[in-house]
Amino acid sequence: MEISTLLGVIIAFVFLVIGMFWGGGNLEMFADPSSIVITIGGTLAGVFASYSIGDFFALPKVMGIAFKKVEYDPVSGINIIVTLANIARKEGMLALEERANEIDEVFLRKGIMLVVDGTDPELVKNIMEAELGSIESRHQKGTGMVEQIGALGPAFGMLGTLIGLIIMLGNMNDPSALGSGMAAALITTFYGSIIANVIAIPIATKLKTASGNEIMYKEILLEGILSIQAGENPRIIEEKLYSFLPRAVKEAPKKEDAEGEAEEK
Amino acid sequence: MEISTLLGVIIAFVFLVIGMFWGGGNLEMFADPSSIVITIGGTLAGVFASYSIGDFFALPKVMGIAFKKVEYDPVSGINIIVTLANIARKEGMLALEERANEIDEVFLRKGIMLVVDGTDPELVKNIMEAELGSIESRHQKGTGMVEQIGALGPAFGMLGTLIGLIIMLGNMNDPSALGSGMAAALITTFYGSIIANVIAIPIATKLKTASGNEIMYKEILLEGILSIQAGENPRIIEEKLYSFLPRAVKEAPKKEDAEGEAEEK
Amino acid sequence: MEISTLLGVIIAFVFLVIGMFWGGGNLEMFADPSSIVITIGGTLAGVFASYSIGDFFALPKVMGIAFKKVEYDPVSGINIIVTLANIARKEGMLALEERANEIDEVFLRKGIMLVVDGTDPELVKNIMEAELGSIESRHQKGTGMVEQIGALGPAFGMLGTLIGLIIMLGNMNDPSALGSGMAAALITTFYGSIIANVIAIPIATKLKTASGNEIMYKEILLEGILSIQAGENPRIIEEKLYSFLPRAVKEAPKKEDAEGEAEEK
Amino acid sequence: MEISTLLGVIIAFVFLVIGMFWGGGNLEMFADPSSIVITIGGTLAGVFASYSIGDFFALPKVMGIAFKKVEYDPVSGINIIVTLANIARKEGMLALEERANEIDEVFLRKGIMLVVDGTDPELVKNIMEAELGSIESRHQKGTGMVEQIGALGPAFGMLGTLIGLIIMLGNMNDPSALGSGMAAALITTFYGSIIANVIAIPIATKLKTASGNEIMYKEILLEGILSIQAGENPRIIEEKLYSFLPRAVKEAPKKEDAEGEAEEK
Amino acid sequence: MEISTLLGVIIAFVFLVIGMFWGGGNLEMFADPSSIVITIGGTLAGVFASYSIGDFFALPKVMGIAFKKVEYDPVSGINIIVTLANIARKEGMLALEERANEIDEVFLRKGIMLVVDGTDPELVKNIMEAELGSIESRHQKGTGMVEQIGALGPAFGMLGTLIGLIIMLGNMNDPSALGSGMAAALITTFYGSIIANVIAIPIATKLKTASGNEIMYKEILLEGILSIQAGENPRIIEEKLYSFLPRAVKEAPKKEDAEGEAEEK
């Protein structure tokens, strides 16, 4: 999703750093290697323990999705469906086979191939919905991993602070060291809260939107595939599929093809 | 929704300010630019990171809805439907086309145009429900953004307080400055709590009600459109649609048309 | 719901007051006008901002329901249905019209009138279910308002405590005043917790039960109305409707009409 | 369910008491009548305010269920169903009437009587499902009461601690009494946490399992009643009903009747 | 699920221990027998009170599942189904009986035996879905127990800390012992947090994934069994069942049998 994830995370950090200097602090006060080990190391170890090795190492790729541009443009998806529907109408279902091989989108190609093969409509629907369900549960696992980072971050932050407090309180020979010991103890809580609120929560939110977009996109494709198979009128198919889109996205194409459709005032 | 959002937020601030002065404080104690930067800046950066740029910049417009008057009057919606149903009965479906062009409401006009075009009833229902679903998910995204402000506000407030505490505890040369350092540290928590409880939660609650009203309004319209298409009796349609309304709204029109309908005792 | 709400709230307050005196305190320590302004005023302002003016001013009436006796007696509701079913069986549907006018309960009368008017059964069901749905969503809004009082109470309590702490820490010239300043700061948290736990949570719980009772009562009536329209045997209707009731309520009438029905051992 | 509830609660208390003595404390430190009044009294008053008087006084009976042995043995339930199915097959439905009177279980007897009376299968299903629904909502109210004890316990514990702190901070003439005042204030939090974690949460968990067992048991009976009415083969009925059981329960009877059914490896 | 659970838990502990030494502490500071008794003992007693004795003693076995390798390979499951479908096609349903006895998987064998016995398809579906439902509710109970460990751990940790604080504050003769008393009090909170975040949460997460895998595996088998009974084409069955799999798993077999199926770019 565009540049906003990276930019937002950076800006949030900038605001925090400004707050540190403005308040009379310096970066040194907030950088503590042992706190990093406990908070980041512990959080990652917890996530590692919670998922399979394969899922864990897919984490950078999963989180990377939140930093990428939207891939699923429903308008162009509808255009492809309408084109295919026109071909199916004029040249018959079999003519779709040739075109299907040019389709990059795996989901759409699979659906069209099932239609070309003359698969029973009910079965096409079942197969493609199972496919969608498996995509959705993959997304949920990905978002779940990022959300667990957001839950374990503050937890290991608190564990680190408890470690720091117990050490500090156990070594209270030098009361003058109390302040710096307490400050050091709080740094892991600080790190844990950053992990959750600056990194994990925004990324998880973006991933959910990205998943919603992909699922909506593929539901539109599936609706289109089934409509093509049912031999529906391409214009009706177009109108039906556009109903799935949010208004903002709908406006653009409407103006382009200038069909005099209703506009909101 | 009326004036209550703005008024309520202002009154809540007034009560807090009264509390400040009554307790012997002054506004200066509670105004701290660096705290504003961390809390408000950080919260907005977090929301920016969580949504697409377009969604983020729609935030003022979305939040503005909570300060506006209700737009969706179901009673007048039902009246329009009944009028259309009468026309359809007396002059036929095609007579609706002319009238449809006078309708401002996009949703209703689209539905009536589908009926005029002789679209299959099942398809009209599917298209209009997809439209409703897309409206609903747009609303959910809007409310979700405001709710995330309410979640990130206190989180960045706590981050600011941690920054303040770490700086204060790290610079404990001057014990006399402890109090003011601690006070300054707490201000971000104060700001974060205000962002959540005085601003975000009331607005999100209003947005949910506004969304519920719009969806109910459009569900009534959809029910009406389908009933018109099915050629139902306009009086039956009216009675059916009124059942969707809360009692308070129902009372008024009942008295007007004086149909001797049941009144609650 | 009986006297228990008022009694319970009073007893809870008595226990808290006993705790105050027993612990060596006095009521003066716990009464602070500025804390009342912040906590109660702020909470109400927040609720005011969250709902429409009309909904807000219905709040006393909504909360009052929790202090009233149960109005919906399903057993007498079933008796009315059975009486009507007998009339419908013996004298025909039209004979119900006269009786319907004697029914106080709006919901039941409306349903019977629809049946008398010869409305299509499917339509009767739709209309009455829409009616039920609108009642349910009205209840949910009412309970939601009380629950928001329970959420905003502690939030404004914390805001008041933060205000008190910031003032106290900012004026630390006189360390001897620290204790009383801290005590004063904590009073708003105390008030906020009372608003939530002694008042809002019990009332919201009662409102949910009251709503559940009313919905169950009206679902039974609806089931009865539909059965009457279907011309079912009054004895079968009675048995069916009794199945919806909790056992405790069922026992009583069973003994009265001594039908030798099964009793739990 | 068995002895484990009582035993578990006692063991948990024993561990807490061991911790008290091991840490150098004594029971006297932790027993404070005014704390008991605030925490336990306040919690019960809050629950009293939240439910009807009848529901409140049923609380000991409801909580007692968690300490009793399981009453619902699905295997013997299935055996009764199979016996009845055999009778119905060989001697006809009417022969069931005699047997039905010997059945203790109200739910099963009611279902069988409906079948014997020649009630329409769809109606039998509706009546018995309404019955099940009313049992389930009764259970939910019971569990809800115990869960509210678990929620109000810590809340009144915190209220008590706030009372203690406010009194202590308001009477800070004698700094040496600070420690004991603070200790006393914390006792209500301690009690509240015990109410929730040692008593309410385990009991609520057990009640949910007990409810699940009873509902499953009665769903099996209902499935069996409907199968008998449909005149299904007793052996098929047995096999079908066994599918509802968890594997562990299934193993036992399998070995007994030695039908060579599949065993897990 | 592979080695990751054990490894992750160990690594998390290593990070915590590194943090202890790095911060100037030693293991002795963090090992306290009485804290272990309160936290671990209390948590286990609470879980014991919440479940039946049988369920409680199954806990080590349930938790062990999180440390084992995945047992359910859907690809080989699909292969078995396809093999059986081919046999059923070529040699008839009865030929399956012989093969069924060679199947280790109880669920699959039971389903095939039902098909061989000529059970009605609807009934096969009902029985196998009841079986699946009972497996799922067994899993939920297992995960629920681990989650309750995660909830009671911090609760008993806090109870232990309260005990420590009350003792410490009650014995404040020696202010120099305050630090070590406080440190000791915090150790139970530390243990409770470890129980929840390092042990219970990762294991519960793994158990949920393991349950999801087993359910998906058996749903695929069930879909396959019903397709075999319906006499569907083995190739269609294979394609349909593969749709249930996540893409990653699908890739491998696709390459093997080199059917030129669509690959994602």
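Read from first to last, the chains carry the letters A, B, C, D and E; within each, the first residue is number 1.
As a convention for this text, contacts are C-beta pairs under 8 Å (C-beta built on N, C-alpha and C of every residue); 3 or more make two chains touch, one makes a residue touch a chain.
Just so you know, these numbers come straight off a predicted model, no measurement behind them.
Engineer: Considering only chains that satisfy the touch condition with chain B, which of them also satisfy it with chain D?
Structural biologist: Shared contacts of chain B and chain D: C.
Engineer: Distance-wise, how many Å sit between the C-alpha centres of chain A and chain E, to the nearest whole number?
Structural biologist: 25
Engineer: Averaging only over C-alpha atoms, locate the centres of chain C and chain E and give their separation in whole Å.
Structural biologist: The mean C-alpha positions of chain C and chain E differ by 40 Å.
Engineer: Multi-chain contacts only, two chains or more: what residues does chain A have there?
Structural biologist: Counting only residues that touch two or more other chains, chain A contributes none.
Engineer: Select the category (line, ring, star, complete, other) that matches the graph of chains linked by touching.
Structural biologist: Basically the chains close up into a ring.
Engineer: Along chain A, where are the residues that touch chain B in the complex?
Structural biologist: Interface residues on the chain A side: 1-9, 11-12, 14-16, 18-20, 22-25, 29-30, 70, 176, 178-180, 182-183, 186-187, 189-190, 193-194, 196-198, 201-203, 205-206, 209, 212, 236, 239-240, 243-248, 262-265.
Engineer: Along chain D, where are the residues that touch chain C in the complex?
Structural biologist: 33-35, 37-38, 41-42, 45-54, 56, 104, 106, 109-110, 113, 119, 123, 126-128, 130-131, 133-135, 137-138, 141, 144, 148, 151-152, 155-156, 158-160, 162-167, 169-172, 184, 188
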